[in-house]
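See the structures that follow.
Heads up, the next two complexes both have chain A, just with different partners, chain B and then chain C.
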Partner chain A sequence: MGIIKVRDLIYEYIRRDEEGNVEGITTAVDDVSLDIRQGDFVAILGHNGSGKSTLAKHLNAILYPTEGTVWVDGKDTRDDAAVWDIRQTAGMVFQNPDNQIIGQVVEEDVGFGPENMGVPTREIWERVEESLKAVGMYQFRKFSPNKLSGGQKQRVSIAGVIAMHPKCIVLDEPTAMLDPKGRGEVIRAVRALNDVERITIILITHYMEEVIYADKVYVMDKGKVTLEGTPREVFSEVERLKELRLDVPQVTLLAHELRREGFPMPKGVLTNQEFVEALDRCISEAGG
Partner chain B sequence: MPIILDKVSHIYGEDTAMAVMALNNISLVIPDGQFIGLIGHTGSGKSTLAQHLNGLMKATAGNIYFNGEDIDAQDFDKKMLRSKVGLVFQYPEHQLFETDVFADVCFGPKNLGLSKKEIELRAYEALKLVGLEDDYFYQSPFDLSGGQKRRVAIAGVLAMKPDVLILDEPTAGLDPKGRDEILDQIARLKRETGITVLLVSHSMDDVAKYVDRIIVMNKGSVMYDDAPREVFRHYQELEEIGLAAPQVTYIMKALRDHGYDVSDEVTTIAEAREEISNYFARFAAARKER
Partner chain C sequence: MLRDITLGQYYQADSVIHRLDPRVKLGTTVLFIISLFVFQGVWGYLAAGLFLVLVIRLSTVPFKFMVKGMRSIVFLLSITVIFNLFLTPGEPVVQLWKLTITREGIELAVLLAIRLSFLIIGSSVMTLTTTPNQLTDGLEKMLRPLNKIKVPVHEIAMMMSIALRFIPILMEETDKIMKAQLARCADFDSGNLIKKAKSLVPLLVPLFISAFRRANDLAMAMEARCYRGGDHRTKMKPLHYEKRDYIAYVVVVCYLVCGIAAGRLIG
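Now for the complex of A and B:
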């Protein structure tokens, strides 16, 4: 079994009016099944309200299924005795870095998780050091978090999760509040964790460019997985993604628009390098 | 109603050990009817600058003139300034509070002491301007989607009938379609009403697509102030301060580096498509001659 297995997951919540009377039931996640293998880099896309954050909150037992089952590293999330193991296995990073940092000093903040797990003091410091190095924040270990930029704070949040030695990290729009530099820093740190440490990554984002290195992309709409595949397969569906209120990377869009003008550009161009090569082929087909 | 900043500085915690120079000797003219993008990394002074323009913050040195009048003068009407220069904060939907959408948008003009009829007319117009359908007017603002809530919040500022609209990252946290909808709506609003718009943004692609002038802030100073094409010509300097050129500019640079004779001073997808089409047309014509 993979690190995360979701079978026929349905999550419903009851809407109530101001007096607490039931107004209706909303199905936020509607019959979703996923298999994520250890070491995968998985991206989840979807418009606001498509159910992706609700799904993510099932992966470390913040929410429990109404119907269906979620297993994290073989453990059913509805098993109360397994909750702490599950949260240690699947760490979570949220959108706003200011809501996730509690320590007065960076290294203390990162040590908070392992300390709560009862890790011996000496090992806590070892974990703090390796975690901060993994996200490139070791030189800031003595800083106060409020002196850091958004991207730096978000990397400290990620270090705090890594210090608990998770097998999997779920990131729910970790770059939404950051400037371009901060976004780049966070995504590079996340990719390094996946490449070097083989930590499973589940990245939820609204920035299409952050997704092109993923092994697999799931696109959600109305609580269901409506598209899935490699980034190239998913981003080949330009019109379909637009219907789903999403987009494609700018380079993919330019290639797509040239294709529509009659250039023999392939579908699903993902990088500038691929774009140049594709244009070279257009030239040679034109007899250059 | 132009805004003029004359050598404006702002020091946080002046005369303390923690003093930080947030704005350093800024001089700018914001004439009527421009669509301006204000960019800079987190902490560069963008939001501090924006809050000076409607008198929410007071310059520690220098002067700001609205329509020729010094906004820090004793007899200057700051209430008028705040209705004429509308400021939409980040995540403005957090400021919604009324029981229904229409009441929320009425709140601003109500405080201007207008008649009930005038208030309702303004609220109606503002909601139409942001493209919200009538069906939503009497719903709780909290039942709307993220993009809709944000439009209601913007309508609340528009109902004050400002001459200048300042938006601090209006698209943060929205899905791609939501981003396009909000920005298209703002561009349309600017076309139809001739209002001045100042857009604080982290997205170079958005700024390149919509604005006619870009102000780049770095460490409290204005680093560049020019048309998008001119500003993005300095992409290396922009990268050094944590910004970048639009993605499409890098595609064109990659083509040039590979030997293609195309311009890399391209900042939008439409321009790039045209540049590449023209290149192929020239290529085909040259082949025919041979």
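Now for the complex of A and C:
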């Protein structure tokens, strides 16, 4: 059994008027099933309101399923006794870096999670040091978070999660509020954690460039998973992605347009490198 | 830049006073303030003055930083001095039209001025040598016995430190909203007081909404990191009394005894 298993998950937001009568029900997540293996890098893509953030909050027992079940490391999230274990196993990084940093000094913020878990003082310091080093923020440990850039703050948030020694990190649009430089920093840090520490990563995003390194991609729309597969498989479906109002990486789009014009380009080109190689082949074939 | 504001007025240095446990500094400040009202006569004030000079020298904080804190109370200080000067009955010294300055009045005014200045400088020494963080930690640990009578000490300390963390963020946000409203021809400066107060509404409403949203996000982030109140929590930087803290306590007790003795025996 994988680290995370979701079966037939349905979640409904119920809006009530002032008297508490039900005004309307919005089904944010509609019959979703996932299986995520330990050590995988999984990306969940979707447009605004596709239910991807709601799904993410289920993996950390912040929201509970209306119907269906979520297991994290074999534990049912609806089991009250397991909530703290689950939150420690599946750490969560949110969108706005300012609203998730609690400490007034970087190192204190990273120590917050272990403090809550009751880790002995000496071990907290060890964990803080190794976590800050893992995201390359160790030299900023004495800084006030207010003096860091967005990308740096988000790396501190990630360090704060790593310090709890999770098996899995759920990142809910961690780059949505960052500039391109900050986005790059965060994604590099996340990939390094996946490669080096073998921490399972679940990255929720609507930036296509960030998912090309994933092992598996899920595309969500209106609460349902509409596409799933490797990045190459998903990005082969350019027309389908466009219908879902999702942008495709520029090289993929260019290759797709060329293919439609009759050039023998392969499906699902993901990087500039691949594109250049494919184009080279095209030209030599045409020449030969 | 708004983000560079340091709260309180911490002066970064590495002195004995800086390294003392915040509980020692809090306790000493309270004792010092009490001592100012208990000590009597010139000798009592001399003792307090000497103690203050000693602490300031040890703290290595330049004296002008202490005086900075005084500026805010100049007004209060002058009113107290003037009232005491003219309204104390006793032996007249100077007669100005209908106002009389008495010998007792002068004495009382001078002593009060000294007392108030000592009070302000004394508490500045504490805030200048202790970070807001250490202060909340110190308060939390000192007030822990109140837990027994159901005072949520840990929660209060947590709220204080979160407030300290978010003040610069909310200030920056205020600045942003203000600029956005100014760009749309909002007028914050003209008109009488009521009009000015009314013009703050378009500033405060978005600020409050954003503060609530932030609070909601932060609460979720804290829960996601296993925060569940003060029980079963360990500390990354626990407070421990060191040798120097005990020495400090001894010095403070000596000061109290000397001061009281000086007031009683000599003065």
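Points worth noting:
In this text, the second predicted complex is superposed on the first by the 283 of 288 C-alpha atoms of A that agree within 3 Å, B and C clash if a C-alpha of one lies under 4 Å from a C-alpha of the other, contacts with A are read in each partner's own complex, and residues count from 1 in each chain.
The rule we apply is simple: a residue touches a chain if its C-beta (ideal position, glycine included) is under 8 Å from a C-beta of that chain, and two chains touch if they have at least 3 such contacts.
Bear in mind the structure is a predicted one, so any value in this text is a computation, not a measurement.
Once the two complexes are overlaid on the shared chain, A:Glu261 sits against chain B while remaining clear of chain C. Of the two partner chains, neither chain B nor chain C is touched by A:Ile10. Once the two complexes are laid over each other on the shared chain, residue contacts for A:Ile283 go to chain B alone; chain C is not touched. Contacts of A:Asn48 after superposition: chain B is touched, whereas chain C is not reached. In the superposed model, A:Met92 lies in contact with chain C only, and not with chain B. By the document's definition of touching, of the two partners only chain B reaches A:Leu253; chain C does not.
Contacts from chain A toward chain B in the complex involve residues 46-49, 95, 149-151, 173, 176-182, 206, 208-209, 242, 245-247, 249-251, 253-254, 257-258, 261, 263, 272-273, 275-276, 279-280, 282-283, 286-288.
By the touch criterion given at the top, residues 41-43, 145-147, 172-178, 202, 204-205, 242-244, 246-248, 250-251, 254-255, 258, 260, 269, 272-273, 276-277, 280, 283-284, 287 of chain B touch chain A in their complex.
Touching chain A in their complex are the following residues of chain C: 3-4, 132-133, 161-162, 164-165, 168-169, 213-214, 217-218, 220-228, 232-238. Touching chain C in their complex are the following residues of chain A: 60, 62, 84, 87-88, 91-92, 94, 96, 98-105, 107-108, 111-121, 124-125, 128, 145-147, 160-161, 164.
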